[in-house]
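Take this structure first; my questions come after.
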Amino acid sequence: MSTICIQVINPNTDPGMTQTIAEAARAAASPGTDIVAVCPPDGVPSIEGHFDEAIAAVGVLEQIKAGRQQGVSGHVIACFGDPGLLAARELAQGPVIGIAEAAMHMATLVATRFSVVTTLPRTLIIARHLLHQYGFHEHCAGLHAIDLPVLALEDGSGVAQEKVRARCIQALQEDGCGAIVLGCGGMATLAQQLTRELQVPVIDGVSAAVKMVESLVSLGLTTSKHGDLAYPERKTLSGKFAVFND
Amino acid sequence: MSTICIQVINPNTDPGMTQTIAEAARAAASPGTDIVAVCPPDGVPSIEGHFDEAIAAVGVLEQIKAGRQQGVSGHVIACFGDPGLLAARELAQGPVIGIAEAAMHMATLVATRFSVVTTLPRTLIIARHLLHQYGFHEHCAGLHAIDLPVLALEDGSGVAQEKVRARCIQALQEDGCGAIVLGCGGMATLAQQLTRELQVPVIDGVSAAVKMVESLVSLGLTTSKHGDLAYPERKTLSGKFAVFND
Amino acid sequence: MSTICIQVINPNTDPGMTQTIAEAARAAASPGTDIVAVCPPDGVPSIEGHFDEAIAAVGVLEQIKAGRQQGVSGHVIACFGDPGLLAARELAQGPVIGIAEAAMHMATLVATRFSVVTTLPRTLIIARHLLHQYGFHEHCAGLHAIDLPVLALEDGSGVAQEKVRARCIQALQEDGCGAIVLGCGGMATLAQQLTRELQVPVIDGVSAAVKMVESLVSLGLTTSKHGDLAYPERKTLSGKFAVFND
Amino acid sequence: MSTICIQVINPNTDPGMTQTIAEAARAAASPGTDIVAVCPPDGVPSIEGHFDEAIAAVGVLEQIKAGRQQGVSGHVIACFGDPGLLAARELAQGPVIGIAEAAMHMATLVATRFSVVTTLPRTLIIARHLLHQYGFHEHCAGLHAIDLPVLALEDGSGVAQEKVRARCIQALQEDGCGAIVLGCGGMATLAQQLTRELQVPVIDGVSAAVKMVESLVSLGLTTSKHGDLAYPERKTLSGKFAVFND
Amino acid sequence: MSTICIQVINPNTDPGMTQTIAEAARAAASPGTDIVAVCPPDGVPSIEGHFDEAIAAVGVLEQIKAGRQQGVSGHVIACFGDPGLLAARELAQGPVIGIAEAAMHMATLVATRFSVVTTLPRTLIIARHLLHQYGFHEHCAGLHAIDLPVLALEDGSGVAQEKVRARCIQALQEDGCGAIVLGCGGMATLAQQLTRELQVPVIDGVSAAVKMVESLVSLGLTTSKHGDLAYPERKTLSGKFAVFND
Amino acid sequence: MSTICIQVINPNTDPGMTQTIAEAARAAASPGTDIVAVCPPDGVPSIEGHFDEAIAAVGVLEQIKAGRQQGVSGHVIACFGDPGLLAARELAQGPVIGIAEAAMHMATLVATRFSVVTTLPRTLIIARHLLHQYGFHEHCAGLHAIDLPVLALEDGSGVAQEKVRARCIQALQEDGCGAIVLGCGGMATLAQQLTRELQVPVIDGVSAAVKMVESLVSLGLTTSKHGDLAYPERKTLSGKFAVFND
C-alpha cells in the first residue's frame, strides 16, 4: 500500500488549536497515512462568524495550493463552518473534506437523528446553513451553543470542556437524538472520552474527515473535474492574491 | 429628504465592468441618491466560480469597511454570486444587498416563476445554491448559460449580448416562466431594452439592489445587530488582513 | 421624475384602519409619490381568517380595477394575509404588492431569521401558508399571536400595542431571530418606535410595500403579462360581480 | 344507515357543467347518498385563473352557507383549483372536499407518482400551488395542459375530450407516472372510460370527493372547529355580502 | 351494488389485537362490505420498531397473496408503520391502504394541522419517516408517545387508554393542532369516544382505511400496474419464501 | 492495529453476484480488514422492486444476527435499495452501511451533483425514495435505467456492462452532473475502469461501504443504541422467524 499524505488545514492562525487538531487527526489516521497539519500565516485567530470565515477561506486556499504542489493526497478543512470548501475543491486535485460535513455525514450513518453542540450562539446559523446545503436538516434534532468563544477550549481550565459535556447530556435527554456532533475543531480530542462516557456516538469532524479522505484516496476517487468543480478559469490575480498565480 | 449614498461594489477588478455597473446603478438611483462605484484594488478580473468568489469576498469586505468609514448609507455587492454577503452584513452598519438576491426577490414580485440567464455553465451551481438559500428554488423555472466568459460582455462585439437575448427568448418559450433574471453584473445595461423588446420583466440585479438599499435606508431599516449578524467578534487579524484591524 | 401614484387598499371596511394605513404609507412614500388610500364599500370590518379573506378579496379586486382605470402606478394590498394577491396581479397592469410579502422579503434582507407577531392565533395558519408560498419558511424563527382581535388595535386604549411590544421582546429573547415582522396592517404605525426602542428591525408591511411598488415602478417593471398572470380571460360576470365587466 | 346528503357545488355558473358534475357525482354516490348539485347564481361562467377563482369563491361560500342551513351532511367544491376551500371549511359544519384535493389524494393511494392533465396552460400554476399546499409535489410526475378553455369540454364536438385522451397517453409514456389526475370538473365523465382504455387509474376529482365526504360523514368526522377552522369570527358584513349575516 | 370484501391484515400475531382491529373495521364498513380480518401465523406479537416491521412485512405479503387468491376487493395493513405497503401494492390486484396513511390523509381533510399520539417513543421515527413519504410533514404539529408498549393496550387495565386520552388533550392545548391521529391499530376503538369527548376529530386509521378501500373499489380504481407497482418480476423464491411461488 | 472483519451481505441468493460483490469488497478493503461475503440461503435470486426487497430484508437480518454472533466488526448491505437497513441497525452492534447510502454519500463529497445509473426502470422509485430519506434529492441531477434485469450483469455477454457505460456517458453530457453512482451491486467491478475512462468519479457502493465501515470501526463509532436504533424489544417470534429468538 502506497502512503497516503493528508494535509489537515486549521483555517485559523492559532498554533494551539492547530496542535489539538493535529493530534486528533494523527490519532485517527491509519498506519499508512501521514498527517501534515498546517495553518495559514495570515488570518484570524479564531473563527466565529461569517466575516471570520471569509477571511479564513483565503488562508485555506493558499494552503490547498501549497499542499497540491507538495503532492499531498487530500485535504481536510478543520473548522466547523467548512470555510472555502467548494472553492478548495476547485483548486485541489485530490479530495477535500470539511469537518462539519464529515461529522454530519458520519452521524447519519449511526443514528436516525443527531444534535450539534458548538461554541458561540452566533455560529449556529452557519451550522444551520450547512445542514441545508448538505441535505441533513431533517436529520438534525437540535442545535446547541455553550456560549463560550472558540479559544476558551484552549485556555487549559477545562471549563469549556465541561460545558460541552453538560450540553451533550442535555441534548440527549431533550432532543430525541441518537448521536452528537461536536461543532468545533477545538473539541476534537473530546469525542472518544464522551463517546465512552455517554454511551452514544459523539463525533469529532477532524477524525471523521481524515477517514473520509483516506477512503476516497484509497478508492481512487478525487474531486470531479468535470463541470462546476473544474480548476478555476485561468486568470491573473492581483496584489496580495498574486500568490495564487503560478 | 436627506441624501442617500450607496456604495456599489464591483467585486472583480475590471474597470470596464465597474463602469457598466456604475451606469446601471446611477440610472436606477432616485434623485436624492449618490452612487459611489468601487472595485477592490486586489483580486480577480472576473468571477466565474467558487474560487474566484472566495478571493473576491475579501475585496468586497475591504470596500465595505471603507464605505462604512466614509459613512455611506448602504452597500450593493454587484456580482451575481453575491460573494461575501453575510460576512459583509456582519461588517456593515447599513443594509447590504447582493444583486442575485435583489433580482430574484424582484422577479417573484412580478411573476409566479422566473428563469435565470447567466454566463458560463460552471456558475449555474452558484445560482442554484442561492435559490435555495434565499428560498426561491420553487419559483425558478429554468437556469441557462450562454457559455461565454464574463468579460465577453465587455469586448464590444455585442456577441455575448446577442446570445443573452436569444437565451431569454428561448427560456420564455420553453420554461413557462413569466420573467427573466439576468445573471451577471455585466448584463446590467441590457435589462431595460430587453424588457421593452420581449414585453416581459427582464431584471437586472444592480438596479434592483440600488432600489432595495434606498428602500431600506428610507424606512430606517439597517442590518440587524441582534444575533448572528452582529459586528464580528473583536480580534486581531494578521498579515495581509491587518487592514481590517481598526 | 414623473409622479408615482400608489393605490393602497385596506381590504377591510374599517375607516379607522384605512386611516392608520394611509398614514404609514404616506410616511414611507418618497417625495414624488402620491398615496391614494381606499377600502372597499362592501365587505368585512376586519380580517381574521380564511372566510374574511375570501370576502375581502373581491373588494380588493374591485379597487384594483378602479385604480387601474384611474391610472395608478401600482397597488398595495394592506392586510397581512395578502388576500387576492395573485388575482389582483392578473387584473392589474402595474405591480401589486401584499404587505405580508413585503415585510417578509425585507426581513430576509436585514436578518438571517425573523419572527412574526400577529393578532389572533387563528390567523397564524395564514402566515404559515404565506411563508411557504413565498419561500421563507426556513427564514422564520417563530410565529406569535397577541390573542386580541384586529380592531383592538383601533380602540385607543393602547392595550393591544403594549401586547405587541411585549411579544416582540419575548420573540427576540426566545427565537434567536434578528428581526420582527408585524403581522397586521393595523400595527403599521408601531414599527418605527419599536425599531428604535428594541434596536432591531421591526418591519411594517405597509411602508415596506410602498417602497417596493416605488422601486418596481421606477425600474419600469410591471406585473408580467406573459403566462399565468396575464389579464383574466374575457368572460361575462353575472349578478353582483357584473361590476367587473367593462 | 341514515341518509347522507352531499351538496356538490359547481363554482362556475355554467348549467351544462353543473349537469356534467351532477352526473359524475350521482354515479359515484353510494345507494344511501343524495346528491344536491348547485351552482352560484352570480359569478363566472368558467374558471381559468386566479381572478376567476377569487370571484367563484364567494359563490361557493354562499352555497356552503345555504347547504349548511338545509342540513346537508357535507360539501364538494367541484372546480380543480378548489376555490375557497379553507374559507368553506370555516363556514361549514360538515366536511368540505375540493376535487383537486380528492383526486390528488386518491392518486397517491394507487400509484407512486401521478401526472395531471388540465385545460389552459395558465391554470397549471394553480395545480402547482395546490400540490405544494397538499404535500404532493414530490408525487407529481408531470403537469400538462390541452390548451383549450374549460367550456370547450361542453361544446359537444368531442375535440377537447380527444385532446385529453391524447395527453393522458403521452403523459404515461413520458413521465414515468402510474396514474392520471384529470384537472377539471368538466372532465368528470371521462375518467371511467379512460381508466378502462388506458389500463391505469385515471382519476376524476368529483367522484373521488363524493366518496371522501361519504367516508368522513360515515366515520363521524367533521371539519375541526378547534383552532384555525373554527366558525368565522362574528362580524357584520356590508353591502352585497350582507347575505352572510344570519 | 355488488358486495365489497376487504381483507384487514393485522401485521402482528396477537389475536386480541386482531379482534380489536376487526371490530373497528366492521363498525366502519358500509352495509354491503364484508370484512375478513386476518393475522399472519408466523411473526412478531407486536410491532415496535424497524426490525419488527421488517419481519411483519413478510406476513403481510403472505396474507396479501392469500387474499388475492380468495378474490378480496382490497386490503388494509393495520399497523401504524404501514409495513410492507409498497411491496403489498406490487403483489395486489386491488387497492392496498395502510392505516397510518389513511389516518394522516383523513386528518388533512378536516384540519390544517394534526398531531399524532402513539405508543413507544422509539416508534416516533417511523411516523416521522411516513409523514415525509406521504407528503404531510408540514401538516403535522406534533408527535407524541405514551411510553407504553403496544400490548399494554390489550391488558384490560385501561391504563394505556387513559394515557392516550391525556396525551390527546395535552397535544390539543400545546400543538395548535385541529385533529389527532391515533398511532396504533390497538387504539382503533378509542377514536369515536375521544372524538365526542374532546370535540375534535380523533382519527383511527383502521376505520379510515376501510372507507378508503371501499371508495377506491366503488370507483373502479385499483393499484396501478403501469410502472413501478407492476406485479413483481417472475422469479423463483427459495426456502421458507417458496410459498410465494405460484 | 487490530483486525477489522466486515460482513458483506448480498441480499439476493445469487452466488455469482455474491462473488462479484466479494471481489469488489476485497479490492477495496485495507490490509488489516477481512471480508466475509455471504448471502441468505432463502430469498430471491435478484432484487428488482419493493416485494423483492421486503423478502430480501429478512435474509439480510438473519445474516446480521449471524454476523453479530460471529463477532464481525460491521456489516454492508450490498443491494442498491439498502433493504432492511434501519432494521439491521437495530439488530446490529457494529455499524451497518447500505451500498446506495455509501455511494450517494461519497458522490456528494467529490461533486456538487451526481447522476444514478441502474438496471430496470421500476427500481428508479426506490432510488428516488432513498435520495429523499438520505437528504440528497437536491444533489441528484438524473436517474437512469439501462432497462435490463439485474442478472443480465452476470450473463457474461458484456451487453449490460456496455449499456451501463453508454448511459454514464449520456448522463455526463445531459445532466450537468460531476459524478456517477452505479445503482446495483452487480456493477461493482465496473467502477474503477469507468472512472479512468470517463475521467470522472464513477462510484460503486460496495467498495464505498467497505471504506465507511472501516472508518466508523476505526473511530470507535458504532450504531447508536440510545433511542430508536436500540436493540429490538425482547419478544418471541413465531414459526419461520423463530430463528431470531436467541
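In order of appearance the chains are A, B, C, D, E and F, and numbering begins at 1 in each one.
We adopt the following convention: a residue touches a chain if its C-beta (ideal position, glycine included) is under 8 Å from a C-beta of that chain, and two chains touch if they have at least 3 such contacts.
If you want to know which protein each chain is, UniProt gives these names: A, B, C, D, E, F = Hydantoin racemase.
This is a predicted model, so every value here is computed, not measured.
Note on connectivity: the fewest chain-to-chain touch steps from subunit A to subunit F number 1. Considering every other chain in turn, the ones in contact with both subunit A and subunit D prove to be B, C, E, F. Where subunit D touches subunit E, the two copies mostly use the same residue numbers: shared numbers make up over half of all numbers in play. Remark: among chain pairs B-D and B-C, B-C carries the greater number of C-beta contacts. Matched by residue number, over half of the contacts between the chains of A-F recur in the interface of D-E, chosen from B-D, D-E or E-F. Subunit B and subunit F have Cα centroids lying 44 Å from one another. In subunit A, the residues that reach two or more other chains under the touch definition are 86, 89, 112, 121, 124-125, 132, 138, 176, 227-228. Here the chains touching each other pair up as A-B, A-C, A-E, A-F, B-C, B-D, B-F, C-D, C-E, D-E, D-F, E-F.
The touching residues of subunit D, counted against subunit F in their complex, run 112-113, 138, 176. Taken in their complex, subunit B has these residues touching subunit A: 13, 41-46, 48-55, 57-58, 61, 84, 86-87, 89-91, 120-125, 129, 132-133, 149, 227-228, 230, 232-233, 235-241, 244. Put simply, subunit F touches subunit A in their complex at residues 1, 28, 30-31, 86, 89, 95, 97, 101, 105-106, 108-112, 134-139, 172, 176-179, 192, 195, 199-201, 203, 207-208, 211-212, 214-216, 218-229. Against subunit A, the residues of subunit E that register as touching in their complex are 121, 124-125, 132.
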